[in-house]
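Listed after this line are the structures, all set down as structure tokens.
In what comes next, subunit A is part of two complexes: it sits with subunit B in the first one and with subunit C in the second one.
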Partner chain A sequence: MTTHMKAQQSVPVPSIWSTEGAARLGSGATVTTSHDDGSIDHGVTQAPYERRFSPYDFNGGTCLAIAGKDFAVVAGDTRLSTGYEILSRNVPKLCKLTSKTVLASAGCLTDVRTLQQVLDMRLRMYEHDNGKEISTPAVAQLLGNTLYYRRFFPYYAFNVLAGVDDEGKGCVFSYDAVGSHERVEYSASGSGQAFVIPVMDNIVGFKNRQDPKPEYTAADIVAICKDAFLTAGERDIYTGDAVTISVITAAGVTTETFELKRD
Partner chain B sequence: MPRKWTGLNLASTSLFFVTLSACLLQVVFTSNMFGVTVKNSGMTGTGTTAGPTKRTHSPMVTGTSVLGVKYNGGVMLAADTLASYGSLARFKDVTRLNAVGDYTILGAGGEFSDFQAIQEILEKMDQEDKNADDGFSHSPAELFNYLRAIFYSKRNKFNPLWNEVLVGGFKDGKAFLGHLDMIGTAFSDEVMATGFGSYLALPIMRKRWHANMTEGEARALLEDCMRVLFYRWGPREGGREGGRKGEGGRLEGAKQPRTQKVELYF
Partner chain C sequence: MHGESGKQSLRGALKEDVPGFNFDNYARNASLPTETTMHLPSAMKTGTTIAGVTFKDGVVLGADTRATGGTEVADKNCEKIHYLAPNIYCCGAGTAADTEKTTEMISSQLDLLRLSTGSPSRVVTACTMLKRMLFRYQGHVSAALVLGGVDSSGAHLYQIYPHGSTDKNPYVTMGSGSLAAMSVFETGFKEDMTEAEAIELVKEAILAGIYNDLGSGSNVDLTIIRRNGEVTVLRGYLTPNDVEPLRTSYKRPAALSVPAGATAVLSTHMDPARPGLEGLVIEDATAMTF
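Let's look at the complex of A and B:
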């Protein structure tokens, strides 16, 4: 029996057991053909697949941060999920890096914890090398570099960094998974990002509004954060249970917890 | 002058490049007059020739759920004594719970041989403590973090320990109960379950748990949950519980972890 397949070049292996595999398999890798002897090949010999272990898991959650004149507010929910299951209702996403900087990360918890540990080690080294605490824009750059270091096996962490800079002004930096970052007035990341950012565009960014934007105090911003999480928690299944909100000023960091719906 | 960074990521990145090149060469299609044949390099270290897969890609002999609860004065874990080989109830009297050091117990579901490897690793750590002979023994939280680091490092090499582990313990008046997943997802809580128990038993445990549970209440809760798993989830055999007690508890002078095999008849 001689059968000569048309596809001579190597075909990328679609691994259907990993999260990216299902999408790849759907992109036409299989071809159903019939052979001379009457048997039908459903494409398995052309594009065999294997089960593959996925090193990532999506643990859900939402984080947001808003910069004010001389303060920054950062918040993250406390729900840890996997698939349709809630693993825990009390795993905060916020991590205090220095007395003036807080990191909030959503995504894959194991990568988030490792990233926080790596940053913690590097920040301590910085203090020993330079004899002073690191400034928030420097932490922002360090985090960007740390993420890019793993460009070819990324940390599945979606970060928002908030703090006060050396001039005392509030600053917020938003990141993607491989370290691209930008200083912004407000930002959100995680599963509820798409529910929260439009709310902030309107109320904090005052986009597409003609009325004058008020000067918000820290208490105003905290109230806006609570509303934003209530909004996200209503529609996003991975956001809920509780929110930890930290306010960072030149004096330090204060944290409060706000309960959300547990459904 | 900034110190050169030689931290965790450097090692991870270089390991990944080895992995990456192995992945790219994983499957090569050759075409000859007899049709397409698939040469599977199986993600070996060299990645250039066909060979058996040397990484874990699916578990073989597996254990099912482990349940854990913190009570007033200790932590209690429960697990059954079955290790299955797919749908075959292969080993009916294994111990899926283990005591490590002076303060810690752990239980694991998933690949049983990987659980035995974990036991050896932690046993080595405990032996080093004993060899130092300075009165120090690692606390449950420390063992938990150590195990988490091992799990993470193995997942980075795409060769995970295929387990879901509960680590429980009691040291210096503080109870600890932590859950560890095969990719290193680590968190702690008052009640925990692995495997199918997280669907069937965890809601019951979450509803009935309250602060200052007594040991008897904790034991009753775990037995009820094991009964539910017995009725509703196929793999099970007998039952076994491990208890970690704080000082001054009901069992006078029992400072060592107490493991007890219990025949459960429903």
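Let's look at the complex of A and C:
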């Protein structure tokens, strides 16, 4: 008797941006003949094969950040999952790096935590070397470099960096897994990225719209984030439970938590 | 043998007595993702928590309502409790198309059998028909079922696996949320429960799946089949995951409501279905007859 198999999600290899189009890292590494749902065949229906250990696990979640005129808003849900299971409903993805910069990362939690620790060390060294707090665009560059150090065994972290720059303007940077980064008006990463970015393209980027774009306040952007996460939570199984939203201004960082659906 | 039949005339390949699935395209499909940039579409699975429990006067079947395609929710309110006969219902987990079509097929076969025998269907008959079909397809029809009903010999509950094996038990769960639901059953099940107790137990089991399994979610559906022949279908018995209250809890910016005319219409082109049709005018409302 075959017991009904709990499907193990096969972990996608981190994608890397490329100017030529979709490039994939090391896709030829594994040679498995597993079922589509990732379950192990015990030599019953197929010949015996070697199963490769994957160092990556996808712990789910969605992060997004939007830059305003003199503020930036960054949000991440708090659900930690693996496969079809929830590990925790309360693991925030946001990490305050400086008084003006917040990093949000989805992906593999252990890689995210280690990346935050490595960044923290390098930020403190910067302060010792330069005698001042590091600016947000400099953090962006530092993060890009830190990720590229691990070009051939990447951090499985999908990052979004947000803060205010030295002129007081809001800035958001989005990253791929190996450090390619770009300053943008808004960005999203993680499992719910595909559900959230089209909404932001229309509402924040105002793409394909002829009506006049309003000037958004921080409260407006926070409401847009809540809406976006409710949407992502409806259609992405890995997004839900709660979302922590941080507003960064020249005065500092304020954080609020908004409850999402728990199913 | 299959390779040869591909070279035969089309008529030969469509012979009625070729049993089972046609695997001619298997090699081609396997090479598509590796040799081209095409991705095969993923079948919609129901993720799922389904459960059933027998009580003093019958059986209660329960199911969640989420259907997933990979990690995306494809349907937030799909129906997983399928009708087989007036006294027999079946919950289905696995590939959505497989559970739907399998239960439809067996429902038709039971209907025909009732016509030819003149007697109500028995649950064991449905079970045997299902397991014979699933075993014939060697597990390729990915349907994991919880079959429950009441017949002349009492109330019965079966669980049927995709490869064709069956178990008969007083309480059963299937699907990715089956462990969460079974933990509730193991804690709370007792023999000869009342209907209210049974409903409460199944409801809690499905809720455990909805909140703790990512493949299950949204609402709880119940179906109660009683020994006296009465059936109550409670579609949407509990809907604890409505998103509207959350959306109204904060002030949505006006820009989230896109006004009419916001998107530019660059050009309009009307193509009539047939030349001359654009001149068709309906003078009155008299129905056309053929």
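By definition in this document, the second predicted complex is superposed on the first by the 214 of 263 C-alpha atoms of A that agree within 3 Å, B and C clash if a C-alpha of one lies under 4 Å from a C-alpha of the other, contacts with A are read in each partner's own complex, and residues count from 1 in each chain.
Here is the rule we use: contacts are C-beta pairs under 8 Å (C-beta built on N, C-alpha and C of every residue); 3 or more make two chains touch, one makes a residue touch a chain.
Being a predicted model, the structure only gives us computed values, none of them experimental.
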| item | value |
| --- | --- |
| Partner chain in contact with A:Asn202 - subunit B first, subunit C second, else both or neither | second |
| Subunit B versus subunit C as contact partner of A:Ser88, first or second or both or neither | first |
| First (subunit B), second (subunit C), both or neither touched by A:Ala223 | second |
| Subunit B versus subunit C as contact partner of A:Leu260, first or second or both or neither | second |
| First, second, both or neither for A:Glu234, with subunit B first and subunit C second | second |
| Touching both subunit B and subunit C, residues of subunit A | 1-4, 7, 9, 85 |
| Contacting residues of subunit A [partner subunit C, same complex] | 1-4, 6-7, 9, 36, 81, 83-86, 191, 202-203, 208-211, 213-214, 216, 219-220, 222-224, 226-227, 230, 233-238, 258-263 |
| Subunit B to subunit A touching residues, read off their complex | 1-3, 5, 7-10, 12-13, 16-17, 19-20, 26-29, 31, 33-36, 38, 40, 55-58, 148, 152, 155-156, 158, 160, 179, 181, 183-187, 189, 198-199 |
| Subunit B-touching residues of subunit A, taken from the complex the two chains share | 1-5, 7-11, 13, 45-46, 48, 50-53, 55-57, 59, 80, 82, 85, 87-88, 90-91, 108-110, 113-114, 117-118, 121-122, 125, 129, 146, 149-150, 152-153 |
| In the complex with subunit A, residue positions of subunit C that touch it | 42, 45, 47, 66, 68, 71-73, 76, 93-94, 139, 144, 161-163, 165, 174-176, 178-179, 210-218, 240-241, 243, 246-247, 250-256, 258-259, 261-264 |
